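In the two complexes below, chain A is the common chain; its partner is chain B in one and chain C in the other.
After this line comes the complex of A and B, so read on.
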């Protein structure tokens, strides 16, 4: 549902069904709503059968990259004699993204259950839920849910009386966006600086503590429970367009829009209807100007592109962007694009782990130049310099944070060039934000 | 992260609260019940080093910040070197390497909150706490205000944190009520 607003009839509430329902947070409440039946069912299946159902469902990673979850799980070899680990990625730091926070604080047991099923399916006895340090409330709810699950014998050395060991622990981050990148997360979990690692080796071969590891997003793992209960066919049926994108997806919507919140719609939903109908359209007296549909790292869309988009992995790409994390940032006609992009660049400069020269220097110089243009001190040459730096930052570094910083710069200059030029030529910018500055 | 040279980019929020602080005396943390708490944590991981972030959180909880002495104590209990611990501490922005005000106020100003007026919330806090500048503690030692990157609650602009408490949908008008409510 469109938490904190009431549910819209065109939403499909699978994961968000109990958002706002305080009873669903407790073990009793969760069980009354059908909780832990999926885990019970899973523990009666073989790991390979679970992986097959997930493969068949078409579920793809909800953390940003959209990698098929069943395939990722099939890289793990249960029973190879090594300890295996599952990491649940709850670092959620991508600007615009706040869906995992709602899952954890309203349905913490859905996460526990998803982690337990995932761990069993990949042959792991231990799962870590890595939660960003600022999420004090989600951490509290997750800890409470884990305590209840241990007390009820759902977790531990004899999970649900099956003789199988499943331990799940919360690990608190300490403020670093980059720790959401899977190899940085593993380093951080090991007690190191959160620097991403060079791949290969891939996590399934040598992950956390040097052992085979799978990293999945909170939403991905939570989605596994309904898939096991209702079946792959049901999940595949939630698709209005491209069969490569299946199921329902949570979108966290923010910025200049009537009803910001977390919404859930099926794959292939019309983005135009989503923005104008489901989320209530622009605030009174304003018009939408641009959308960043998948968190700060994906290309900015013009409204023309956004309105032509079908909301699935392929649909966003076809209209010049990406689904990413599902963090929809809406920008209206009172905003100045240069200001917004400059602030995003500052975010990436602040969060760069500084291992790679292109990223460390590139994010810093991009920020400097953009802020110069924002302050009316830029030149036309600066635009070429920015594009040059952006090209240098793309595809050249250990992780894609560097590319992510270049993305809004490239798409911004291409699609909203007049706003850059207006500032450079000292023209008055029609923008509330610029007037405030 | 905070210790690198951002190509000479000044980072006002970090300037003072990340510089190392000094203390005259230090009370060890990992004794009695807190030592037991650490021992329980150690059972969760195959290596001692993995308990580093949790151990640092405990130091900060007990002392309000992570001093050189605190880092040395953590190094000792986890069989690490103090230099190694410092290297890790400086990577993460949430460990205070300097004493901060009784109320450490973090306001998100990343673009999604920025387009909803987050900067005015920062201004209101700086004025009303008398801290005046980002990262500087107010004369009465009560408040330190910093800008923070996305807090993961962008639909509730503007989210802020005061110590461990997360507050959603803060506006310039609600700042005085929030401050008045602090004990």
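After this line comes the complex of A and C, so read on.
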């Protein structure tokens, strides 16, 4: 649903069905809407059966990487004698992304239910919901939902009267982008500095507190409930192009567009229709210039690429970008790309955890050069240097923050080189926004 | 130890066979290839953060950090491939963009891993056109100063304090390129082993205040030695500039001190440089001690000892060789050998088994005991009126010297003339342990060699040579030509030492028979 706008008829509201519906936030309201039936059903199944259904549905991680969820769950070996943990990654910090926020604000019980099912499926008795600390409102709703669920006996030592233990805790992040990276999140959860860990060992072997851990995005876990209720076939049916990408996906749309908001469409939807029809097209008198389709760390698309894109994991890759987190940032012709890329680089330089040399030094160096070009002090050699730095920053570090910073730089210089050259050659920025920032 | 499974791989075209679980970096060392690295240190947990040790492993999509990648059967590793070199060159460029090029005034210059690897495979020029970030120098307490501008954030210091010293003092503060090593509030680097982080630091970010601006690394002569400041027997390197000891550094020995020495040992070296030494042999002439020829002095001492019972007050800082030759002296007339030891607080390094600054503050306490000397708080209590007191490098400090007046005669064989004694008959000046060669036996019975680091002052001679000459003058034996000859005699005479020779000891030492812990096998 195009929250906060009215829903568009071409949307497929599965997770966003109750956005804006204040009653769905409460346990009673949620139950009235069919809530906790999925959990009840799940607790009656064997964990292996749940994993199989999820595998069969083709659900892939909605946090950005798109790893098949069922397969991830199957890495958790039952009966290894170790405590298992589920982490729900609600540290939604990717610039331009706010879909998980809406899920937690409007349907917190969907997250609780998803976590409970996920925990049961991987043999965990404890799940942690790691929420970005700035999300004060979602945290409030999540905590209320947990209180209600505990009071109703849905969670706890005897979850839904089945004798199974499922405990869920909310953990607040302290404001670091990098804590959305799964291993950094685990360090942060343990009370350590939020630095990504070197892999292997992978979380399924040694995650939180050194124990086997599965970590899933909010949207992924929330999607498990409808899959269990309506079946894998139904979910697989929500696919317009590549059968490897199934189901519906939430997109948070922001930037220079008529109706920014959170939308839900099925996999394989036309990106052109999405931008121009569902989201209302550009602001009057402007034209779209570029799109960052999956949060700040995916390559920038030109409009030609964007308009040819089918919205699924493979479709975005085919058009030079990635689905990522579904945070669509739309940029119109009034903007200067150098300014935008410099701002993105500054964000990554600020958020680099400082472990790996390439990232710590590269993000800051990139920012210095980009801001110099932005301020009219650049040289043509700077562009080569930027590309060189970006190459050295790609694929050489523990996590992908370094790559994420290099991505907009590489794609920006490749696709919007004239804008860089114009600034280097002393031409005034043609954008109206330039005077503001 | 259980037989580990061996893994065969190829590194730079060389076949390597190492136990399962070995890192590529360590495996490469076994065939003489040093993969450049900063954050990795064999004594610390592996964080894999500096990304300097990236190598190309065939069939792996990305370059692999060789410190954190275990060997696998049939693996083919390229250390110097274009891709790997390019990546490491990139890392060096990144490390240098915020690193000041102040090598001419940096203490680490000449022994800096950033210099070495940049020289080896770094970029000739930096592409940086922007200002470097700046942070002021900080006092970290203890002996340590932090220069954040030079820091490459390898985190070796943080990991040493956390995981080896078990004293959480340091952290990484801030993020991005603002990051620096920080100190937790109210904490200082006062841990007894904190000084090791200066050695661990691959660059000049952590400096010893004691060594600050004393010498350039290339001006120092180095001699392998043993720390004399407690019976732990940590292996050290004595670093000397112009015949003056500038600093002590740990010398790795897996069986004793790993890579570390304590701050007490590290900083307690000034006495080795002391200027008020006994430099010339002297013989009593009436009321005064007069300078004499060595021959004369040796024979004067021999005359005194000829028919008298010797009473030897030995220093536990003396080598096994000197202590052994003194026992030869005792054997002649059934004399007594005693020693005393200064003590202090014990300070263990929790992360390493059986490694501590020990309570006793002398190197060869165990050696002296093995050779039959008696430890005493009041060593001169049993000195008889007919005895000739031989003071072998004990400075008598803190002792009441009245007892010494009882002796028939006093012979000083030492590095300095003790104060307050007016009945000294002969002074035989000897070298201190940094000026001669010899062995110490540590508290676990490990016999370890030390070598000569500087020359003795004036006419002072090595202790074993002086004592050999004295025994010769008494007709007991021929003189010795080398300390190894003395040690050979010792090994013959004392069953604990049997079978040991300087060659067998090497520079890492071996335990005496029936030592408390076997360590290496004989």
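Criterion: the second predicted complex is superposed on the first by the 434 of 437 C-alpha atoms of A that agree within 3 Å, B and C clash if a C-alpha of one lies under 4 Å from a C-alpha of the other, contacts with A are read in each partner's own complex, and residues count from 1 in each chain.
One rule holds in what follows: a contact is a pair of C-beta atoms (placed from the backbone, for glycine too) under 8 Å apart; a residue touches a chain by one contact, two chains touch by 3 or more.
Bear in mind the structure is a predicted one, so any value in this text is a computation, not a measurement.
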| item | value |
| --- | --- |
| Partner chain(s) touched by A:349 [first = chain B, second = chain C, both, neither] | both |
| First, second, both or neither for A:101, with chain B first and chain C second | first |
| Which partner, chain B or chain C, touches more chain A residues | B |
| Chain B versus chain C as contact partner of A:77, first or second or both or neither | neither |
| First (chain B), second (chain C), both or neither touched by A:133 | first |
| Partner chain in contact with A:244 - chain B first, chain C second, else both or neither | neither |
| Which superposed partner A:55 touches (first chain B, second chain C, both, neither) | neither |
| Touching partner for A:188 - first (chain B), second (chain C), both, neither | first |
| Chain B versus chain C as contact partner of A:93, first or second or both or neither | first |
| First, second, both or neither for A:327, with chain B first and chain C second | first |
| Contact residues common to both interfaces of chain A (with chain B and with chain C) | 176, 178, 193, 349-354, 360-361, 363-365, 368 |
| Complex contacts: residues of chain C adjacent to chain A | 46-52, 54, 62-63, 65, 68, 86-87, 90-91, 93-95, 97-98, 127-130, 133, 152-153, 171-172, 174-179 |
| Contact footprint of chain B on chain A as seen in their complex | 4, 83, 92-98, 100-101, 126, 132-137, 167, 169, 171-178, 188-194, 209, 252-256, 260-262, 296, 327, 329, 331-332, 335, 339-340, 343-344, 346-347, 349-354, 360-361, 363-365, 367-368, 433, 436 |
| Residue ranges of chain B in contact with chain A within the complex | 1, 4, 6-9, 11, 44-47, 49-54, 56-57, 78, 80, 87-88, 91-95, 106, 109-112, 114-116, 119, 148-157, 161, 164-166 |
| Residues of chain A defined as touching chain C within the complex | 176, 178, 193, 198, 349-358, 360-365, 368-369, 372, 379, 381-382, 385, 388, 391-392, 395-398 |
